[in-house]
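These notes are about the structure you will find just below.
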Amino acid sequence: MSTIKEELYEIIFEADTKIGKIFDVSLLVIIILSILLVVLESVPSIERDYHSLLKISEWVITAIFSLEYLLRIGIVKKPKAYIFSFYGIIDFLSILPSYLGLIMAGAHGFMVIRALRLLRIFRILKLNRYTKEGAIIIRALRDSRIKISVFLFAVLTMVIIIGTIMYLVEGGENGFTSIPRGIYWAIVTLTTVGYGDISPATSLGQFFASVVMIIGYAIIAVPTGIVTAELTKLSSKPTSTQVCSNCMAEDHLENAVYCYKCGKKLN
Amino acid sequence: MSTIKEELYEIIFEADTKIGKIFDVSLLVIIILSILLVVLESVPSIERDYHSLLKISEWVITAIFSLEYLLRIGIVKKPKAYIFSFYGIIDFLSILPSYLGLIMAGAHGFMVIRALRLLRIFRILKLNRYTKEGAIIIRALRDSRIKISVFLFAVLTMVIIIGTIMYLVEGGENGFTSIPRGIYWAIVTLTTVGYGDISPATSLGQFFASVVMIIGYAIIAVPTGIVTAELTKLSSKPTSTQVCSNCMAEDHLENAVYCYKCGKKLN
Amino acid sequence: MSTIKEELYEIIFEADTKIGKIFDVSLLVIIILSILLVVLESVPSIERDYHSLLKISEWVITAIFSLEYLLRIGIVKKPKAYIFSFYGIIDFLSILPSYLGLIMAGAHGFMVIRALRLLRIFRILKLNRYTKEGAIIIRALRDSRIKISVFLFAVLTMVIIIGTIMYLVEGGENGFTSIPRGIYWAIVTLTTVGYGDISPATSLGQFFASVVMIIGYAIIAVPTGIVTAELTKLSSKPTSTQVCSNCMAEDHLENAVYCYKCGKKLN
Amino acid sequence: MSTIKEELYEIIFEADTKIGKIFDVSLLVIIILSILLVVLESVPSIERDYHSLLKISEWVITAIFSLEYLLRIGIVKKPKAYIFSFYGIIDFLSILPSYLGLIMAGAHGFMVIRALRLLRIFRILKLNRYTKEGAIIIRALRDSRIKISVFLFAVLTMVIIIGTIMYLVEGGENGFTSIPRGIYWAIVTLTTVGYGDISPATSLGQFFASVVMIIGYAIIAVPTGIVTAELTKLSSKPTSTQVCSNCMAEDHLENAVYCYKCGKKLN
């Protein structure tokens, strides 16, 4: 019995064996199908025409996910730890709404929670060769997180001041009915999204908006600059992954023969 | 006969001889004219006023392309390989719609297939001095294709989650009639295109949209950073890996013959 | 007495002591609350429903700020210098509108001046660990200020010429009622904001707009390039300028004690 | 007489003397004023209210520019070369419309030609300390001009194909009345301007537009990457400006003591 449990553990939680890989790919396909289902169900015309097909597919997927959920609980060493882990909760929320739908009629809002199934994908992707490249991007973003926070704080301050000024300059009749609306407009403008649902109508407002847009030019350059500088640093001079066996120093130069810190030969 | 065939081959498929170059430039001009024709034909007022001129030009160009197509089949060593190659199919699709128009009346949709003629340009450009620079751009994009795929996958996930939330928050009366529409809005916003055909109308929706736009700020920096880091790496003057045997100096210029530090000859 | 004054000075103006830090954080929270108050007051529905709550909060915050203002004047060595300093004026303008509201009824415009309270945040942030990273961004922007000025001047020139041409091409019936409007449109387009409140309607105008947008492509790359190049320069790990006296190796890490190449101690 | 002419030449054409600098700054101010005049005249309400003031200012400026134009012709060594030079023609076009207005009534279109006065600014700026930084930007753009051309050509091809597909998918009832319109929409979308004057209304069109926008993400990164890589190269590793006196080799390393090409000592 224990051997079957161990084998199942390897299949479901690891990806080293051939069956483990097949399991992961199948799960990936089912997750994508389940998401497609949620998305398609929200389209009125499709929901009307293919009602029974969607309903049946939903129950098939719920059955598979439920089985998988119970299997995971049965196999894992510490079931409680799994149930209350991030992925455990996501797994549970992926099947809950379908069962709730049986009890309460028309629980529309609950149905959309199923979109959280998407997050299940990240567990599978962990095991995948794309991870290394993704890790570089994430490391670049993490290394520059303080710079980006400072930048976002500065942008937030600017956006509040700009929004307040525009609220005063344009006033309610041109769509700037409150300061929050002005701030919304300022964000739409500074990020160069520019919906046009609110746009300045007075000459003074348009002049001021022009200044804001020109400033936005220099501003949009900053996050790009931060991330690029970080990525350039990470992807250019690759420091060796060696660790000095004597003093544990890291970040040696690629061509280093001796440790820069204690002088011992590296090996 | 064989020599004429060989000569024609050199003119049509190569660009080393003078006549070969003239052939290429002429073909380039005719291709551009043929594209212009397709574009202009789609404008109702031009189509009405210059109907016969456009029709005649179309048949002249079709005649030239047909002749060229037959010549290529006749000259090439393996006609079958050519016919079913990428460019062979493009060449065939460039002339097919005009002939089909004779048989079936008003085959409007087919006519636009002629726009594929544009792809013929790339064959000629292969031979051109701009290729080297283009190759650097393509290499930078190819080298960063895994990073970009990871990034696009992350964006796709975000866009589905954001679209679902906005569908719940705003609802159908503000244009968010289904999750696909919400996803469409999320893409329009995150890419800072911002048409404004769908835009949030509720306070909560506008607040959430602001958060999305601010996130989009950091996100748009990522592909730029990836491509820039790659281009910087490719275009930064590569210093030679030589070390002077006399003074151990490194970082010599690629074309260095003598050591910049001690003046000894490098080997 | 003098010791109390000195202690208070340390609490209010410095952030080295524990109480000093508590003071700073409390002030930060109050400033953010006071800003939130100004923002919420501008929303008609909130102002109507929570009128008295907002009024009371306003007076509590005004009282705290007034006390703090008087304390600062009493404690500081040169009161006059403080009062007429940048932050002294901001501090004064943060409380003035509330008192003016007592004398003059409905001084709406004055009320919004309170949004200047936001600037007070920067004094507190001076003392904060995020400053170093912010300083790098600011230094990058300052180092590239001449390049950015030249760029902005070039953009301004382009925008005037483009705006004038569009005024001539499109004319008043399509929204281009004057050259300033044309310039406003040119800025909206070149910065890729694209509200759509004014957009070309004639074929010639749309063709010209397309050219402007394509040019804008290359142009938006310039400020990003400037800031990125500067940030890359500033953030690239500066290798030490030391040379090993034994083997002449260069490019040692900043913190290197031993030569990475021959293992001798650096000096 | 000749000395006066020489002195005037130094004042008007050079900027080394004190009077020469005063002349340049005054001219700069007048040019900016003259541009402001053209811009303000185009605003209907201002033209109505300040008609006489604008008219008088126009004639004062025309008088100054005419005098300056005649002076330049009188002073310069080769008057003909000046008259038919780029700046000579600009100078002439700056004053022509005002005189033409005397002969032909209501020559509105001609009046706007005066906006070309703006180009006169560049002559003065030549002499200015901002030029060096501007030169770096221009050099970066010039060095990357082939890469940018290749990129623009690729964008143009994409835009034609995308525009044709959208014309087929959406059709005339949704604003895509012809292929040129489709191309216009494709440019508006790919450059992330997004006016929203034409936007896809069908599901297929919106799906396709989403793909285009996601592609646009990777595409907008390319010109930025090109210009940034170039600017980084120009602004980082500064190669020495030394030239080897023996073999004329350039681009030596900053710390080079011996020529890398012929081995002679640099000095």
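Residue numbering begins at 1 within each chain, and the chains themselves are lettered A, B, C and D in the order written.
Just so we're on the same page, a residue touches a chain if its C-beta (ideal position, glycine included) is under 8 Å from a C-beta of that chain, and two chains touch if they have at least 3 such contacts.
This one's a predicted model, so the numbers in the text were calculated from it and none came from an experiment.
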Classification of the chain B:chain D interface as same or different, half of numbers criterion: different
Most distant chain from chain A, judged by the mean position of its C-alpha atoms: D
Rounded Å distance between chain A and chain D, as computed from the means of their C-alpha atoms: 42
Gap in Å, rounded to a whole number, between the CA centres of chain B and chain A: 29
Multi-chain contact sites of chain C, meaning residues that touch two or more partners: 180, 183, 192-196, 220, 224, 226, 228, 230, 232, 251, 261
Chain C-facing residues of chain B, complex: 192-196, 224, 228, 232, 247-251, 261
Parts of chain B lying in touch with chain A, wherever the complex brings them together: 146-147, 149-151, 153-154, 157, 160-161, 164, 167-168, 177-180, 183, 189, 192-196, 199, 203, 206-207, 209-210, 213-214, 216-218, 220-222, 224-226, 228-230, 232-233
Sites on chain B touched by chain D in the complex: 35, 38-39, 42-44, 109, 112, 115, 118, 121, 130, 133-134, 136-137, 140-141, 148, 152, 155, 180-181, 183-184, 187-188, 191-197, 220, 223-224, 226-228, 230-232, 234-237, 251-253, 255-265
